[in-house]
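Quick one: this structure, given as structure tokens, is what I'll be asking you about.
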Amino acid sequence: MAGNSFGEIFRITTFGESHGAAIGLVIDGCVAGMPLDLAFIRHQLARRRPGQSSITSQRRESDEFEVLSGLYNGKTTGSPLAFIIRNEDQKPADYDHLKTAFRPSHADFTYFKKYGTRDVAGGGRSSARETAARVIAGAVAMQVLKKSGIKIYAFVSQVGNIMLDKQVTESKVREIDKNAVRCPDKSTAEKMISLIESIRKDGDTIGGVVSGVITRAEAGLGEPVYDKLQADLAKAMMSINAAHGFDYGSGFDGVRMKGSEHNDVFVKRGKKITTLTNRSGGIQGGISNGEDIYFRVAFKPVSTIMKDQQTVDESGKKILIKGKGRHDPCVVPRAVPIVESMAAVVVLDHFLRNKTIQY
Amino acid sequence: MAGNSFGEIFRITTFGESHGAAIGLVIDGCVAGMPLDLAFIRHQLARRRPGQSSITSQRRESDEFEVLSGLYNGKTTGSPLAFIIRNEDQKPADYDHLKTAFRPSHADFTYFKKYGTRDVAGGGRSSARETAARVIAGAVAMQVLKKSGIKIYAFVSQVGNIMLDKQVTESKVREIDKNAVRCPDKSTAEKMISLIESIRKDGDTIGGVVSGVITRAEAGLGEPVYDKLQADLAKAMMSINAAHGFDYGSGFDGVRMKGSEHNDVFVKRGKKITTLTNRSGGIQGGISNGEDIYFRVAFKPVSTIMKDQQTVDESGKKILIKGKGRHDPCVVPRAVPIVESMAAVVVLDHFLRNKTIQY
Amino acid sequence: MAGNSFGEIFRITTFGESHGAAIGLVIDGCVAGMPLDLAFIRHQLARRRPGQSSITSQRRESDEFEVLSGLYNGKTTGSPLAFIIRNEDQKPADYDHLKTAFRPSHADFTYFKKYGTRDVAGGGRSSARETAARVIAGAVAMQVLKKSGIKIYAFVSQVGNIMLDKQVTESKVREIDKNAVRCPDKSTAEKMISLIESIRKDGDTIGGVVSGVITRAEAGLGEPVYDKLQADLAKAMMSINAAHGFDYGSGFDGVRMKGSEHNDVFVKRGKKITTLTNRSGGIQGGISNGEDIYFRVAFKPVSTIMKDQQTVDESGKKILIKGKGRHDPCVVPRAVPIVESMAAVVVLDHFLRNKTIQY
Amino acid sequence: MAGNSFGEIFRITTFGESHGAAIGLVIDGCVAGMPLDLAFIRHQLARRRPGQSSITSQRRESDEFEVLSGLYNGKTTGSPLAFIIRNEDQKPADYDHLKTAFRPSHADFTYFKKYGTRDVAGGGRSSARETAARVIAGAVAMQVLKKSGIKIYAFVSQVGNIMLDKQVTESKVREIDKNAVRCPDKSTAEKMISLIESIRKDGDTIGGVVSGVITRAEAGLGEPVYDKLQADLAKAMMSINAAHGFDYGSGFDGVRMKGSEHNDVFVKRGKKITTLTNRSGGIQGGISNGEDIYFRVAFKPVSTIMKDQQTVDESGKKILIKGKGRHDPCVVPRAVPIVESMAAVVVLDHFLRNKTIQY
């Protein structure tokens, strides 16, 4: 059983490899009769696109999509929504020198072991290009969620050793896209950008953290005991290329706390029962409690570097590979819309699932 | 669509609430004709059982299981394996004072919001008692994996601020169970134990980290792009009660590294292609590469504390609740077999899935 | 991937073999907060039970069930509902002579080939005893559907060559259980009964047809293009032991008709758009249209006969087996509640699925 | 949860509506490294194509497909295979008169009720054009099955009252495509063709039956108790447009038989245990037994007729609609490759599932 689908009710399936004709997305289970804002999809894709700033890959990559089905007179029909993005800008010659090499920390070796094939040019199915399909899916999901008032945003909270040490309130959301690194604090953003630029000049790469927030989600989302909301968020995030860690609420830092410090006290505010603190990250017992849901995703440094590296080829022979091409020195600025998108897919799926338990 | 099943081919479904007659487990998709070692299942359950040491809850909890189906003359039949554990030691009176209170950071509030019910006595379905079913499932999965040589172990690597700062090699595995906290380094274990004891005396609780290792897994496990091995491990771990974070390989620490430091160089050792370092944590592109797979799970401090806490009841009225009962001051020693079990279920499921892509 | 679950949202999993401790059922995804009428479940089980009349097996079979979870103060909790029925009345000695024989048209041979095991006593997992779990599931589903006014009934419409040649309107439903064969027409029922009795005296068995009707289902149930309502009904019915055929609406007879005769003309009656005829069987394009949904299930004659039969054993040696035990001469009277139950599970599942496509 | 996917391990998802840009297919879970014969896919599509003979619709319909992904150097990569067929030949004007009418026995009414939309031009998602995607999927599945020697064929066994009364042995397979109706008996085929032609001249339509055969399937395919092989075959067949009935082995006729006549006696022939007769249709207890698997699918007469018909529009107003366009007088000749294809998808899926139960 292969793994190219995600979600139970709002179910996305993606396809496509960097060397093929197109990448694509099928959404089965999107609500019927919803006006679909294609401009918003394009807006989100633009935030993911390479070449958008000096700190991302300068690769040109088309992401003009075509809607193949599921839309009629501007509204969803309830039948599968299908989108494709044609592949262009392939320069297989760029990869000739890698035909048999296993690039360090890439997927070359494991794909070869599992499938017996090499998808060298651009990474084949393991290429991050697949995430464009996720961004489309997320942009559709966000539009469905809009009706219920649920909003989702993400931002960069760490690059290398530089960490954002301020709380990000909703009022700061509009700051996120004001700089190339997508960190909503100007001075921290500047430090991150200059770090990335120095790393890039050195032909190297650096890791980072994207933080995500889901606001105004109703209490009740999440399906114990295996499909807890945090479990599905974790899976969604850890399925993104280069993601190496996930936590929510107090996360790894909460480990150091005592229960008496960590517990979120319930209080009544107006007509609503709420919590004084939110170390639970908006989720208790696997179910949203109506507070903000927040989480972090750790990304490793990009494996493709512009430096010489030692490795072996298929026969096990030692070879030296030289970095070429146009790659990202740090993945997190472009990962922001991908994290938002996967969060939207998870939340919408759980929103629809939650409908079915009500008598 | 409810969420009480996990896995695609080796599929487990658990049921049962703390107030009901029994908890149970159905495994659908276990291989046929395998001798099943019930003593090993009992051994693993004993490692999860409350009351096993001075630093765990002193609650008595029966975990004698009955096999209802799927076993014939000591071998699996290929039909569903079903197990139940009867509930005993229920003292609903213990919970009378909580009938309408929402305990801070418990699932009372969210279950009430989602299902409209209160399962006060022992936590209902949100009770950690459900994890006994997971341990049985894991003990079955480990037996299937044994044939392929795959081994799984976990240990405590952090309690509060005390961290294990040594590498744990396979030779250290037998040290894990030599102390009550399940940390394979004696002096660190002693510090952890004395911290937990002081926390317990204070009526408080503390968080911790469990580290897991999967050894001798063949290259090829994991199903891109959504069911990457790390994605399913993350989901499995984040579905465990009190888990707040997951990372694998270099994890959150890898964020601070450069690509040139982080990349794992391939070399040939004997007939095998292997890597010099293993910051990838045994997984590249979502697929195991034959190296050790290692990961961490962060657990928050247990919510039930023996101190007075402020909260509200269903009507929103402020009330003071007083800790009662016999609870764990720190969840990680008993979480070790649960982490191992969920890892085994994930790895076996992917092992079986990987069989189906071969031509 | 094994096949012991059915349904997507209202998802049932059954377990248990005739030689084991118990058979059982887990329902995941039942609505929360619904009062559960256990007496109604018992009523449906009584209609399936062996020994209920002179034309069914005289085997005694306990079907007293225990609710293990999912119920609290008489209401569903939203967590998995689990039921078990203990096995009794096992007489493995009855089966000693069959230890290595492959009984003609039984599952002995195929289970042996697939699983490498023989579950001789009572048929193992292939035993029709499993259908008791289906009847419990159906009785729960019917209670959920009651709120929407949807009703489901079935009856025997053919035994051997004796066919019911009258339309069965809803007013006839109360006639169904007035005779042992569950045919709502008294004179046809008498003929069927006397046929079955003569077959039984002869130590033989005979086939039959059960017809099912679903009334007051809203328009909109069914999920094109693969999970059409008739497709899921077909699967559900064909998964019942001994079922050999399924059709709905005009079915196999419709093959002989012209389009101009077969088409159901739409008319307005009061405020409702309805059809003049109903050869579509209440389903068009895979979706219910608000008319009665009706279908037929063909059952082959029971394989166990009280006559000597030639066969081979595991080594391929010719042997003669002699019928023993207490078996049904015709399966259809007891299949009626099973057909109703599977229909209820399908309809409820689609009812819940249909909720999720609405914007 | 929508229903546009089929299969568990070899999983197909189709999309596309008659009014949109394209229809398409994604196969997730196809084995890796298999050479894919595109000419064979084209061959199967040609057998489904309208306009292939005087007794099918004269509509021109492009079915030239493009492979978007999953294929590299002529071999499957193990990643999703995606195919699209562009829509052409749309004449929405043809449908203007139907904009608000509910055509008798079409899906107009039910789609409108479920999704709130009208996909008039060509039937939208309910269009039989979707079956071209199924034929591609089936042609891929057949190529995978070839390695195991499993073969699948189908033929027309009834049109209206004209029935093929001869057994079709494998040697007759090559006769199937020698006539326009795909009945392997020449004289019966001629009668069927002249019936269809007279029906067509009259502007009417007629029903029919397609019979399917699966040969050389190993014993062991099928997953009790819900995913029995016949249950999944039934679902697959009943999901085809216009299918109204399914039976296998003795089917509806077996109802009239006694157990002593119906039972298939086991004998040893050479080294193989086989059965003297095959009323079980190659399936016992839901699992293939190594004999030929055979089944029938009943198709109703096509709803679109060239005669005036009474109906109502969305407001409930009576209107008269007049048949237009180029439609099939009888669906069965073109249904033959569709039946074969769905059978291939089911058998391959179960073949792969069966691999996972082996220890």
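Letters are used for the chains, namely A, B, C and D, taken in the order the chains are written, and counting of residues starts over at 1 for each.
Rule of thumb we're sticking to: a contact is a pair of C-beta atoms (placed from the backbone, for glycine too) under 8 Å apart; a residue touches a chain by one contact, two chains touch by 3 or more.
Model, not experiment: these values are computed from the prediction.
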item	value
Set of chains adjacent to chain B and to chain C	A, D
Between A-C and A-B, the pair joined by more C-beta contacts	A-B
Inter-chain centre distance, chain A versus chain C - centres from mean C-alpha coordinates, in Å	46
Chain A-chain D separation of Cα centroids, rounded to whole Å	39
Distance between the centres, which are taken as Cα means, of chain B and chain A, whole angstrom	26
Multi-chain contact sites of chain D, meaning residues that touch two or more partners	1-5, 8-9, 14, 29, 32-33, 78-79, 114-115, 125, 224, 353, 356-357
Contact footprint of chain A on chain B as seen in their complex	1-6, 8-9, 14, 102, 104-107, 109-111, 113-115, 125-126, 130, 158, 160-161, 199, 204-209, 219-220, 222-228, 230-239, 243-252, 254-268, 273, 275, 279-281, 283-290, 298-305, 307, 309-312, 316-318, 353-354, 356-357
Residues on chain A engaged by chain C in the complex (per definition of touch)	1, 8-9, 29, 31-34, 76, 78-79, 144, 147, 224, 352-353, 355-359
Chain B-facing residues of chain C, complex	1-5, 8-9, 11, 13-17, 19-24, 26, 28-29, 32-33, 66-72, 75, 77-82, 84, 114-117, 119, 124-125
